[in-house]
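Naming follows writing order (A, B, C and D), and every chain is counted from residue 1.
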């Protein structure tokens, strides 16, 4: 029997998602954002989700649409204020969604730590700022650091470029961003890829996310481009 | 105290002039992160006697200029989420690796905007205390990069000093700024106060003092 | 108490038999790290009804069998520093990433040798307390992998039990072993003691108890 | 003016090395071991070195030779007991060299932490063992962890496969091992590469160590293979 993580239906990708789940969403702005999986999550209907992502969505597509459907109770991100953001802003101003602001590098490192079995680490980022309040401090070599804990998730929704049936992923340019580390940190990482390839086509030197961090894969060969979708006035669902 | 409508004599350097002054202070072979907005101008003023490598915290080292309209790739963007290019010898990495470059002290210079800079080098540039709080990578950059340069107008739009004795806005980092480039002057952060490295040729030190909170000296 | 020269009836399973029992207990699609020495035999006994992916902690996922003499590449070795191969769908990574797989709980099974295993699952397999101390990746593997299987002879070369109430040698990990495969039996670590999952067809439980320190039960 | 980190003389590579320096040495066993740079370090003559590596050298070539020259006062490694090891063993038994044993994964993570500006992190590795003695403990989610500090170095000696003049490195198979993280952790990483390439030949998607972590590069196109050298009875110098 051969390992085969490839699925053909988005519903199958998201079959284990439950109400109250913590879900990491890859992407930095629109680059690497798994829009089709996010739309699948709207169709799925899971509620009370905690979303971990760098941003909080644009327009009414992808993450912006999911938040607009009121399926999200909390967002953990570095930058929830974007030019094209609508839905998060509306709910936040009404007090209907929680926000935890995390510096971008601390966010990345907390995600990587979760995937690497590191429950907590010290960093100088945010020392002396409002974001350090309540955090344990310690001095190393005369300099002050704060303790930051790992950020785990039940699921990660990720967009990659290529994958084989094992889930060996490569990414396209800066669409890499948070995607590889989220694959490490989630119990189930669910990947939409532009193109499936055969295992012998995977160059073992160039794999960015090895299959060990991947649970399910689906090919979406012509994914929605957020900028274009918003310009065209797309609203999901 | 501070006049809202400055006379001709009190007009500061243009943005391009400030940018070129910063560009001249970045040594050959530096790894540099330019903050979103005004600091992005710096790359246009680098002279041929040096090669600078630009880091964008979203996983891009060796960032090149803005692409032509027909070369835009929505998967190749900078930290400001605008389309960019990559130069030969550039590379992509994931966010944890990218911030290892920052937090690990591998970025030689970071040029950022400011709302306030205090006499001891505190920087406030991420929050007015109102609206949705959003920090991005600013706190990581100021804590991690070897040298933090601030590029800013000397006064706020309301005509208030940005160089202050103590910041009133939420801090981005504490004691992190080494030098400030404004339209009025280049100023080093020192134990004795704001030290003037260069003052705009049209301004007096006395005037600079009136538009700066905290001691200015030469 | 323990006889050095066992009769035929008391001879245990051959190594290959133990290895095949372990191989049968590794589920399809598992990610597995096989320790240096005896555990390496396990990969030869995997049946066609499953695909197992082997991790070697020196940055190799998808490790294949030993190469032919003329295919040896000194840059393609396993954790035991012996030449190996890589299978299609395999990949290389650096040491921090490789141990993220281990420490982060992504390795489903790790099969290791043992000097001693205690009733509460403590493992001692890295040091006799003499000579140059050398731990390698053993402590990371036992702390990180989801399931730790031990593959060992039931008795030491001197005829002493390896399954003990309390380890006397320096520990590799505390409470980490879930199951032990010996030439005499397959034993689960439980709160009540060493639970027999399967006993060698030639041995009695009474005999097994005489060669095991601590309670054995079925 | 163009950035160019390429040197032509090994002496130039090692010109800043000083007595008492802490030096990371890449490689796992012989794979990725920078033998020519290590021989250069013997010629250089720096003393009282602290070496951070996975192993402690084989035979009387490379790291084994450096230790044999009594230039090393301390080795920090995971496994100092190898079949072909001679020089470390001799000095250790005479009490003439110090040893700090670190679990392999903790060693890797401490090096990566140094390069990433993380002064310390928690890990479950070694909890309850002799290697945890004296280390700070903390409970996260009911499980015990120990605090491990970053391992910094003055220099890293590294062997890579390809590089351009910026120091964008790729490695060959499992010769990658500790090399990329050591480049991150050292103040100066000094690289011997099998082959130099032009910047436009570097694929930005496949760079393993970006040039930002590299100080100097030299091409050694036909490096010594340790196994063969030991079989042939090579002794350096």
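We take it that a contact is a pair of C-beta atoms (placed from the backbone, for glycine too) under 8 Å apart; a residue touches a chain by one contact, two chains touch by 3 or more.
Just so it is clear, the structure is predicted and the values come from calculations on it, not from any experiment.
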| item | value |
| --- | --- |
| Relative to subunit B, chain with the most remote C-alpha centre | C |
| Result of counting contacting C-beta pairs for B-D and A-B, higher pair | A-B |
| Subunit B and subunit D, separation of their C-alpha mean positions in angstrom | 36 |
| Computed distance of Cα centres, subunit D from subunit C, in Å | 30 |
| Multi-partner residues of subunit A (each touching 2 or more other chains) | 109, 112, 116-118, 123-124, 171, 173, 204-205 |
| Per-residue multi-chain contacts in subunit C, two or more chains | 86, 92-93, 96, 99, 102-103, 144 |
| Chains grouped in pairs wherever the two touch, ordered by label | A-B, A-C, A-D, B-D, C-D |
| Contact set on subunit A toward subunit B in their complex | 28-32, 54, 78-82, 88-89, 92, 99, 101-109, 111-112, 123-131, 171-181, 208, 225-227 |
| Touching residues on subunit C, where the partner in the complex is subunit A | 28-29, 31, 48-51, 53, 55, 61-62, 86, 88-93, 96, 99-107, 144 |
| In the complex with subunit D, residue positions of subunit A that touch it | 109, 113, 116-124, 138, 140-141, 143, 145, 149, 170-171, 173, 204-206 |
| Subunit B - residues contacting subunit A, complex | 56-60, 73-78, 81, 86, 92-96, 98-99, 102-103, 122, 127, 131-140, 143-144, 170-175 |
| Subunit B contact footprint on subunit D (complex, rising order) | 1-3, 112, 114-118, 164-166, 168, 184, 198-200, 202, 204-205, 207, 210-213 |
